[in-house]
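Chain naming follows the written order as A, B, C and D, and within any one chain the residues start at number 1.
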Amino acid sequence: MSLVEVADLNVRFAAGRVHAVRDASLRLEPGRCLALVGESGSGKSALARSLLGLAGPTATVTAGELRVAGQDARDFGPREWRRVRGRHIGLVSQDALVALDPLRPIGAEITESLLAHRTVPRSGARERVVGLLTRVGVPDPEERARQYVHQLSGGLRQRALIASAIAAGPGILIADEPTTALDAAVQARVLALLDELKQQGTGLLLISHDLAVVEALADEVAVMRHGVIVETGPAGRVLDDPRHAYTKELLAAVPGGRPRASRGRPPEGEPLLDVTGVVKRFAGRTAVAGVDFTLRPGETLGLVGESGSGKTTLARVVLGMARPDEGSVLLGGEPWSGVPERARRARRHTIQLVPQDPLSAVDPRWPVSRIVGEALAATGVPRAERAARTEVLLERVGLTADLLDRRPAALSGGQRQRVAIARALAPEPRLLVCDEPVSALDVSVQAQVLDLLRRLQEELGLATLFISHDLAVVREVCDRVMVMKDGVVVESGPVEDVFAGPVHPYTKSLLDAVPRRARTAREPAQERL
Amino acid sequence: MRHVGVVTAAAFLLLLVVAALFPRLLAAGDPTATDPLATFLPPDSAHLFGTDQLGRDVFTRVVHGARHSLAIGAAATVGGLLIAVVWGLLAALSGRFGDAVLMRVADALLALPGLLLALLVVLITGKGVVGATLAVAVGIAPGFARVVRAQALVVRRSGYVEAAIGLGVPRPLVVLRHVLPNTFGPLLVLATVTLGVSISTGAALSYLGLGAQPPTPEWGAMLTESQGFLHLAWWAALFPGLMLVLTVIAVTVAGRHAQNRSEGRYAS
Amino acid sequence: MPPSRAVLAAAVLIALAACGTQNTGGGGGGQAAKPATSGTLTHAVNEEPDCWDPHVSAQDVTSFLQRPVYDSLVYQTPDGALEPWLATKWEISPDSKAYTFTLREDVVFHDGAKLDAEAVKANFDHITAKETNSQYAAGLLGPYKGVSVVGPYQVKIEFDRPYVPFLQAASTTALGIASPATLKAGPDKLCAAGDGSVGSGPFKSGAYVRGQERTYTKNAAYDWAPKSAGHTGPARLDTLKVRFIGEEATRVGALTSGQVDTASAIPANQLGLLKADPNLQVLDKQVPGAVNAFYLNTKGALFSDVRVRQAFQRAIDIDTLVKSVFQGLYQRAWSPLSPTTPASYDASLENTWPPDPALAAKLLDEAGWTGRDAEGYRTKDGKRLTVVAPIYGEASTFSQAVQGDLKKSGIYLELLASTDAIEIGGRLDEGRYDVVELSWARGDGDILSHFFFSDQTSKNSGHNFAQVTDPQVDAWLTAAQTAQEPARRAAEYAKVQKWAIENAVVVPTYVDTQNLGASKKVRDLRLGISAHPEFYGAWVEAP
Amino acid sequence: MRGVLTRLVSAALVVWAAATCAFLVLQLIPGDPVYAVVGSDALVSEEQHERIRAEYGLDQPLVVQYLNYVARLATFRFGDSYQLQQPVATVLADQLWPTVQLALAATVLAPLLAVGVTVATSGRRNWPRRLSAAVELVVVSTPSFWLGIMLLTIFSFRLGWLPVSETGGVASLVLPTITLALPIAAVLTQVMREGLLAALDQPFAVTARARGVPETAVRYRHALRHSALPALTMAGWFTGTLLGGAVIVENVFARPGIGRITLQAVGDRDLPVVQGVVALSAVVFVAVSVLVDVLYAVVDPRLRRKTGVQAI
């Protein structure tokens, strides 16, 4: 019997002006996992929330059929919805740090779930909380129950959130991007827990934009775009043999799902960048603890590590934005670190940054023409030539001239990143530092920007320092890779070698933790190796 | 609904500005003309808001008072802003030690209630319109300075400033082109919201006898004068106060509107 | 310097003035039953002393509020006569330079000390000691030379030159006699009221909360009231409370709502309200001494020209203004002296200088103030005709009314109001003013010396704000201080008054009047010579 | 332990800095302070001026005066008031209680009102919120002196329900407290409601609803506490408004207190009293910020480690 049956569900916001979900149909079964896949804004969350009656006060939900736990939920009032929530359907959302009340101990949060449906008497609640925490794999449950969310690690918090969601024994769990905020290794463990729950008979509705996660858990997949479910079917079939054009596009855009750029011979010549023994400390903490590397013209070096590993600090040292406490940086064979800004200014144009968040990286008051124009002016392009050069640059990054007068706020994320790249290219640099250049973008846009970067590299022969926490992306664009942990480079070498046979345990754990796409990605990769 | 409020507020402010610039358009009489034979007349067609203890026309005084009350508030806000911009930018751009010193001074001043700080300033300048204006300005400056500094730090560490430095744009030019305007924008909005408070505080100082002096038809000063005659002429206290309240409401509504708009513009 | 801050003193001899409608004795309505000998009376005043030591403070309110605690050598009756109090009798040397007082022998201070000649000497020594920094009492002693003990109960005060006004001065609270032990307690204690104030009066100083209230309790041992006090033995009230309510409307509200039994300094515009209230009565009395007047700085650039002074004098429509501002309840003044000032008022000045704007205009034209600026004020060489008037405290309604009236004649009266003694004091000392408006109550024509004697400049701690330096005036005033016969003194003072008006060094405006609002339950309360209430015999009817 | 010490030192620094600012500021005042001692209508000679100047140490070099000042400050003595010729500490101590009474009453009333109105208007329906927002706007925009005058006119003069001046009783505290608390309550309500609405949109509120918890419980158990956090950040403003408001309220209602003394001292240029008031309010401010830190930690467990308050 289905736990939830939905047919022709529509969700509208803002008095009908926004049609978030159109004619969606789906069913959830015990022990099965349905994954809703789509990019942000596709209506996944609105659909899932409407199953809980939580689409929001401004939402209007209509449906041909909406059966929850065997009841017709279309005419549910607040009281009826309350009886369903938690008891029949539980919700696990994205980031436990904010999804659990930060002002209350997690034990209290779980107890609240228990007592909301009187599943246990108040006196027995404590025992049940401990039991639940044990079940989701939280060590020292008695002590943890008294702690607050911020005192727990990312993985433990997410487990605690799951414990609070399953406390009243719901048959269905809605997991809305349950692992997005987590580091790779932790992500794997949380997925394992969800899988275990599924095996025990819970029906799962998994919402994710990450196809790797979907593949790890889902039995069936529904692909959403602009509020419409465009394709649905068994997970294996949809992922291996997509029929709808959008599904194909989505799958093709996934990094790692695409062929590696074939490179010619490794670049040669004098190193453009020479980093020796760089150490950088902040208030007693060592962010970078002695890093050496070189970068030659035309070469792309990947810098990999989890957040806090020192990647960004190293990038700032390379960019000349931070002064190393020890060690030196040579740019084009001449001292770059430890010289006064005045001496650096003339050479600054040789090294440019492609930022993580383009919105904060451009002056919000300036139109595109002025943003790029400033970069041209800084390298001494005469005023008369700037307009023409700006148009050429925009064309090069795939933008049209009609955007010239737009301000950053009026651009899409992808367009903004292209503008930032155009600005970086304006002074004709020899070295680009890309700091997580696509992590703020949607998957399909990611692919386009990565393509652009790769093309530019080839056309202009740029050296690139490419920083990312996303191994798939690094693998796709880089020649060499360095793995950083706690400020130290633990492993480095050609991308193929490192990914195929990681030596350092940390690199291994990073690679193992990535929920790789078993059927489409892994095999060709193995083939090549 | 919301627009009705904003439009009403804007219309009222416009009227106030007219009253401040060309008071004689609205009330032709002399606001300080006394008439010993016409004291304490209740509101009627000849004296719309009645007359006060010296036989002066309250309506004329209220209209002419707009100039003084608005001027004190506006000048104080601008003055406070100027002090704060210099102070905050110096702190944000002058390295750790300078920053610490300047901000500790701001902390120390913020430890005093704004009104007390204003009173201290009045001690130096002596009372009067200029003194009160300066007092209000200095009263709001430390708080503003912190906002300026915080905003300047945000801007200074922002991607676009780093990008400009990365392009080799000289530092003074970076400050002029990026730091200053991006610090100032949000501040202007804050200033609009603060204007209401400044008008109110200026009037409070006048009420306490430290701002505009009789016979100046400033609203706060008019309230002080009329407080002794409440049982004889409630109108002499009601109308100046009412105008003050309406003005502050109108300014606040307009300020909030500006705030919402600018947040909308910068955020999305 | 508003009237309330002025110091009240009293006249040496007979009270001349009987002013029409005065109601100075309270009792309201029919004959009382038997006076109660217990109960509490709460009185509201408009001002609070900064310092409670009457030997130090220059504030009128200090003298008033310490009167119940401190007795003086001499008592002055409400109509101005002087009679024995702590002194049973006195002798004045023929040259008017020495005064010998014989003291009562039964007087005991609140702390148990006995009154004797040494105690009186200690008081005079305290007043004149440098460390005391006396702001008024020492000044009252004029050409003081010294005090000496003649016998256990006989004390002699001597002066460098004849000083007739002294006897009246001796009746003021400023020269009140404190228990000698407390004089050694230091200024902190004496200034702080509370248990620092120890005299021999009918009331003892009780609890005091600054800004709020002071309590007095009955001195049960009191048995040395002056003959005309209207009562003998201990005071009738058990407790007297004085509340400090500066805000006029609030003070009146407190009276009408029954929070207080009596309230002084009721503004004229509130009197109608009180008189209409069946439960309330109003006592009033014209304050003796110098009336409220503008003193014109004859050494200043503007008013050194007598024509401009006369123009100022005649431009103001004083009658209309006084009538309007004081609701017809105050009398317009013609002389710098109040009609109630004993043995000195020159009634012949009345109606001699009526308002005459046409004359004023003519005089100003002659003096060269012929231009007009945008606001309608007269100008000369492009400079506006501005009359600078520093005011200690707030500009009164009356001052503002004058300001409005003068505008009609093209004269700008600039009211510089401040409670900042630094600014005002500096201005006065340095002569940076054109007029000073004030009243200074004292029941003796000698107050004229403070205003017109050449050495009584502001810098010399006098009040010669008109900066008069006329040997003739000095001679008249000296003659008045030397003569013991009232009629001769009156004649000398009349000459000074006439001279001051004719030379337009002063523009008298109105006669300051004390208005006291009281519940009708309050009986036997009377206004003393200083126009302040005397609480000694007062009592409150049981509800 | 170290944290406490750091706090104390920085608190002392703030007080010292505020006092120093006050000292410097007061040096800029033109004129001879001796007039402030003797008043302008006193009969005092030039020679006496000199003696008074010496008595108050005004004849000494500025540095000496400053060091004396700091030394006195450290021992909580501020010298003698020019005007009242009593130790400033005594003057302030005498006036402290009425102001404390007023401030405490307002401190109790304002948050109570704010919480009450916030809860009452945070429901599903929109119009109570609108109405309350309009009322708040009017109240916030009403200068407290005018509010006080109008309350006084209506409730004391016209209706006669409440006394017009300080009687020492509770009744005389009603109007001043309302005048002082109302604008503060309005601002707090705005902040709290915004905080509450924001909290209700937070993921944890969604989670709580998804557990089947009733809306009211979400509001009281979760959101209300969150709305207290932004309100707590207003504490500095709150203290300043209380003290500044006291100046005005005490003058409108003719109440005794620190505010009254302050205004008088400013008008009279009674510098020692002004300096005393400055030091006092800096101390109060610092004390309040310590108190607020503790309150923060009570409300928000995330901040407990820093302040050393034990988790409950």
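Simple rule for what comes next: contacts are C-beta pairs under 8 Å (C-beta built on N, C-alpha and C of every residue); 3 or more make two chains touch, one makes a residue touch a chain.
Since this is a predicted model, take the numbers as computed values, not measurements.
The central chain of the assembly on a C-alpha centroid basis is D.
When the C-beta contacts at B-D and at A-D are tallied, the pair with the greater total is B-D.
Averaged Cα coordinates give subunit B a centre that lies 21 Å from the centre of subunit D. Centroids built from CA atoms put subunit C at 87 Å from subunit A. For the pair subunit A and subunit B, the distance between C-alpha centroids works out to 47 Å. Shared contact sites, meaning residues of subunit D that touch two or more other chains, fall at 29-30, 152, 157, 267, 269.
Shared interface positions of subunit A, i.e. residues touching 2 or more other chains, are not present.
Residues of subunit C found to touch two or more other chains are 247, 249, 418, 420, 423. Under the touch rule stated earlier, the contacting chain pairs are A-B, A-D, B-C, B-D, C-D.
Subunit A contributes residues 49, 52, 54, 57, 78, 82-87, 89-91, 93-95, 98-105, 109, 112-113, 116-117, 146, 148, 150, 161, 164-165, 167-168 to its touches with subunit D in the complex. The residues of subunit A lying in touch with subunit B in their complex are 319-321, 341, 344-349, 351-353, 355, 357-358, 360-365, 374-375, 378-379, 409, 420, 423, 426-427. Put simply, subunit D touches subunit A in their complex at residues 124, 202-204, 206-215, 221-222, 225-226, 299-302, 311.
On subunit B, the positions that touch subunit D within their shared complex are 104-105, 107-116, 119-124, 126, 196, 200, 203-204, 207-210, 220, 223, 227, 230-231, 234, 237-238, 241, 244-245, 248-249, 252-253.
By the touch criterion stated above, subunit D contacts subunit B in their complex at residues 13-15, 17-18, 20-22, 25-26, 28-30, 137-138, 140-146, 149-150, 152-153, 157, 236, 239-245, 247-248, 251-252, 262-263, 266-267, 269, 274, 277-278, 281-282, 285-286.
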